[in-house]
Amino acid sequence: MILVDKNTKVIVQGATGKMGSAHTKRMIEYGTNIVGGTTPGKGGETIHGKPVFDTVLEAVEKTGATCSCIFVPPYLALDAGMEALDAGIKLLVLITEGMPPQDTAKLVAQVKAKDAKLIGPNCPGIITPGQSLIGILPGSIFKSGPVGMVSKSGTLTYEIALALTESGLGQSTCVGTGGDPIKGLDYKEVLSMFEADPATQVIVMIGEIGGNAEEDAADYIKANIKKPVIGFIAGQTAPPGKRMGHAGAIISGGKGTAESKLESFRSNGVLVAMTPKEVAQQAAEALKQPVKAK
Amino acid sequence: MILVDKNTKVIVQGATGKMGSAHTKRMIEYGTNIVGGTTPGKGGETIHGKPVFDTVLEAVEKTGATCSCIFVPPYLALDAGMEALDAGIKLLVLITEGMPPQDTAKLVAQVKAKDAKLIGPNCPGIITPGQSLIGILPGSIFKSGPVGMVSKSGTLTYEIALALTESGLGQSTCVGTGGDPIKGLDYKEVLSMFEADPATQVIVMIGEIGGNAEEDAADYIKANIKKPVIGFIAGQTAPPGKRMGHAGAIISGGKGTAESKLESFRSNGVLVAMTPKEVAQQAAEALKQPVKAK
Amino acid sequence: MNLYEYEAKRIFAEAGIPVPPAARITKPEELAKVHFGYPLTLKCQVMAGGRGKAGGIKFAKDLNEGKSLVKDLMALTIKGSKTESLLVEPKMPIARELYLAVTLDRNRGCAIFIASAEGGIEIESSDNVLTEPIPYPYHGFAGRKLAQKLGLKGAVLNKVADIANKLYKVFENKDLDLAEINPLVITTGDDVVALDGKIIVNDDSIARQKSFAGMEESHLSELSVRERRAKMAGLNLVELEGNIGILCNGAGLTMATMDMVKGFGGDPGNFLDAGGGSDQKKTLEALELVNENPNVDVILLNILGGITACDEVAGALVQFMKRHPERKMIVRLRGNNQDIAEKMLSESGLKLYPDLEEAVKAAVEAAKSAGKKPVGAGKS
Amino acid sequence: MNLYEYEAKRIFAEAGIPVPPAARITKPEELAKVHFGYPLTLKCQVMAGGRGKAGGIKFAKDLNEGKSLVKDLMALTIKGSKTESLLVEPKMPIARELYLAVTLDRNRGCAIFIASAEGGIEIESSDNVLTEPIPYPYHGFAGRKLAQKLGLKGAVLNKVADIANKLYKVFENKDLDLAEINPLVITTGDDVVALDGKIIVNDDSIARQKSFAGMEESHLSELSVRERRAKMAGLNLVELEGNIGILCNGAGLTMATMDMVKGFGGDPGNFLDAGGGSDQKKTLEALELVNENPNVDVILLNILGGITACDEVAGALVQFMKRHPERKMIVRLRGNNQDIAEKMLSESGLKLYPDLEEAVKAAVEAAKSAGKKPVGAGKS
């Protein structure tokens, strides 16, 4: 597994809001080590049996949390992220959708300066099945196993996880990096972690149209990743110039097409799957092969 | 000597302005290794035989400068300093008086982030006699020798340097750190450099009312400096609550008095002189003594 | 949100970026009131790009020619985008053209200048392009550095540096995705002027930008009526040519479902991502939007409930099927509260597909047998 | 530049910081127009601190008492500072008082919050003070963190956090040396209100702060007429009680010269730092300012020319001595262009002292022999 395990101490920023509260409950039920929440002005209350603090600093001092799952409105997300970093949080899981990208850019710069990690924004979060679920993923779909997943998408990740799980393949960790053009962790960083993770034997990388992160990742895989990687790209039928739901999912100026990404996968040794079931089939196949020597 | 010597490559930001031009000429005449100047829009011209560039980056790329002497109007000083840091300059000598202190605070933060050094603002600059004069000090007053000087003041530094020189004592390096409350290098940093500098045998520290940097430095000296230090404080007759010329020279709320500073000198083993001539006498005396063991 | 040229230039002018004197007109007779002296430039105000090549920019040597051009240009539609008005400006004595823009760079994760010593170009296809990361917090040296790298000198260097700094400030203060000046013109008198301007406002930031309040609805002109309605309802709809209407939750899953439809021989009629956590009301509105597309013969609903509760979706389905019992529906519904949803739908006779591939195949089959209507026909 | 309480609170209100409703009056009859309901608070608007202890704050239970208090308070002078007007506010139902300020910290080199859970205090002499470095760029969590460290809870925590954030923004946007709320009041209804406000504008930044344009001259009320004139001329003058007028270039040298005068038994009549690079005209103005102080018997001019050119000073001296041939002058002039200066002054008969100590001793001697006027007498 990477990034999170059953010992990861997690606080929830915005824990008493509607969404924050609902998912705090789910995370606790899943078994995530939720140690508290924050909502300014609600310090001293409890939420689903966990203490609520006024500030992240106070929460960190009193609980030893190292990870924060952030559910705050989009225009407050920058401040929430900055507060987490200031308080020493090292892993930020930022669920919020609709964060202004210039705010994200400012947060990303500070994340780098503080040597922390950011997942998101506009992401489903991260799960190490059976140990820790941080975010909004439906835990019941996942099970523990050898497949590491990294994806820009939420529900598509669930779909593919479901296909894997139903075909008997569990997951080491699944990371949803988010659908925004500006974001924290990208493919390459997650891939390198999976490469180093003994529990991960095969990697599934789920991309979509827009930008060139998949192409970049494919180059990186060829040079650095020995474990088999199965690639999937959504949006092969998307028309150019249209934003397909995710802020980042747009083909513009002829760039960011599915063809370009698939071609780059193929030419860099990434196995290509065209449906969620095919992902599971390829993963099963790859698990039977010996590890590539590079 | 510390910080600068005859090899230090210096550019002058604002080299074609009235003050910049006059002092560029003087510095060149003194023998300072001035390699060029900058004035946006005047790139390609020359000033006193040195090339003028549009940007610091260009100047650094073409001359290898590592130090910049900044003569720009107060409200442009922050931008000029940021430009120098961005271009890789490691020593900024910021002569400008009247820089808004909040601007200085922003510059100081970036200086730290870039691991650079800032002398000033509102300072006379730095001189390693016979090698390099960066700033507006009158070179003829100084001569090379064993006394390291650090001072908040300009003309008072000259007065004391004159007293030293006239009594036959030259200087290793003299640093005028500037009269503003927020500034770059402070006593402690300069003292530690003098301590490590083989050419410096005795240190003269010139302070004035306002703040508690002298008290801090005295504590630091007791703990860290083995070379003899002679302290001088200006403003023993200054009334409280009045700003005495320098933005930082003010006794407020009963703090920053000359008495407090002198007392702190005396109780931490700093020799106290009451006139410039006494500084020279004490320095001469100290040079005869063996180095303290601590 | 894309702004018209005249709006972008108004914002530039407020920020102190020099723009030509200009008048905005819609009728030939208004031209008489324009006092810049001829020749004049007349420019169609349209959202679409490639305006110059499409004949949307003309020069008038006198009032008579001008009036006739106003009439012609106002009638012009460029790439489906109607001319909203004309911007009239004096013709500039151009010595040189540059390109200057600020945008966010996905890979670097920060704002960048994009600049070129060649202006009036298609920046995507130019080789002579400079990209410069912009430091945050911003300082004015960034503009000078850019101007110097563009090879500029003297007064022009300082003017371009100043414009670059102001353009960045506009970009930051107004939460833009793009602030572009193309071309940025150096006149024969060494003035530097923004001759054309393009601004894209970041959609997620409009709500905190008071100066754009209320503009959004009038600036969605490239969207179909239904796409616009979807946007106002917080749904992501993109209409296509096929006859299988697609409704999913989540952008990636919606795209993947479209791709599978195509892969199994069908033709997607739309992309509709209902987003995460949509309730009954929103889902119903989404179903209606898909249903109203006259191309659509079959609706494929694919929900994998994470945040979205399947029972909310089922509630919408029950209502929708009451309203439109004739509509062919293929439904796959899994995840959160799936059991409740199944119970709710058990009386409707609707077959639920647990497997996505099976559902897609069924939708493609159903679409093929549905009237064999030719693809693309009947689009409103 | 210090602002009056009413000016500080106007700035706070513009920034969204809650302040009490208030009226500013100068005459008893204006009180009838104030409609807050009694009891009212009447506060002298003076620059000096310690206003409360000096009787500058009174409470009126009705209009009659109020009118008589207005008359009394308007006549009040506190530490030499005349009452400029009165600020009238309803008396607040105070549950608790806090202290909150933003200033620059010399040692840390950054902005800090200074706060205390006790308000209405002399912050310098309080033990219960929190200082918190402020991150740059600023984010709103800083205010929350501060409020939490103050031990606040619930709605009050959020209100104080919001006020702290706004106070910082005022501090930054207006280039202040100090933005202080003392006390910041929590009312019995859990409202949080800035009951008193103090703003010190940074003198070096006023020229770029348009909202303070033209205010400087009317806000130097603690200065003497000559100190004010010096400030307007770009000179630093502080008048003292002694009879030796001192004029130097550079703050440190001026202070050191004063100290030496005192050390050798004399009494400095002023601090006058002519700054670096003063020309003939500015130096002459400086000499005149020192000369006009009726305490002064002897003028000690000490110039060590670095930027300052000695010949410019000599030119001023020649003119000054023509105007005031009776004035006893002790002059020490060294450095840049010293030779030219000496030539210019050679015909005047003025003795030049190359050595500072000799010059100081001579000035002290001359002052002692000059009429033996008692120290402090005749000060205007």
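We call the chains A, B, C and D, going by the order they appear; numbering starts again at 1 in every chain.
In the analysis below, a contact is a pair of C-beta atoms (placed from the backbone, for glycine too) under 8 Å apart; a residue touches a chain by one contact, two chains touch by 3 or more.
Small disclaimer: the values here were computed from a predicted structure and weren't measured.
Engineer: When the contacting C-beta pairs are counted for B-D and for A-D, which pair yields the higher total?
Structural biologist: B-D
Engineer: Report the chain whose mean Cα position is at the greatest distance from that of subunit A.
Structural biologist: The most remote chain is D.
Engineer: Just how far, in Å, is the C-alpha centre of subunit D from the one of subunit B?
Structural biologist: Chain centres of subunit B and subunit D, defined by C-alpha means, are spaced 27 Å apart.
Engineer: At what distance in angstrom does the C-alpha mean of subunit B lie from that of subunit A?
Structural biologist: Comparing mean C-alpha positions, subunit B is 51 Å from subunit A.
Engineer: At what distance in angstrom does the C-alpha mean of subunit D lie from that of subunit C?
Structural biologist: 56
Engineer: Scan subunit A for residues touching two or more other chains and write them down.
Structural biologist: In subunit A, residues 106 touch at least two other chains, as defined above.
Engineer: Where in subunit D do residues touch at least two different other chains?
Structural biologist: Residues 136-137 of subunit D each touch two or more of the other chains.
Engineer: Subunit B touches which residues of subunit C in the complex?
Structural biologist: Spelled out, the residues of subunit C in touch with subunit B are 135, 137, 139-141, 144-145, 147-148, 153-155, 157-158, 161.
Engineer: Which residues, counting only subunit A, touch subunit C once they are in their complex?
Structural biologist: 19, 74-75, 97-102, 104-106, 108-109, 124, 136-138, 141, 151-159, 162, 179, 181-183, 206, 208-209, 211-213, 216, 232, 234-239, 242-249, 253-255, 258, 274-277
Engineer: List the residues on subunit C that touch subunit A in their complex, please.
Structural biologist: So the residues of subunit C in touch with subunit A come to 104, 106-107, 109-111, 124-125, 136, 172, 175, 177, 202-205, 207-208, 236, 238, 240, 248-256, 258-263, 268, 271, 273, 275-277, 304-307, 334-336, 356-357.
Engineer: Name, in rising order, each residue of subunit B that touches subunit C in their complex.
Structural biologist: Contacts found on subunit B: 40-44, 54-58, 78-80, 82-83, 86, 106.
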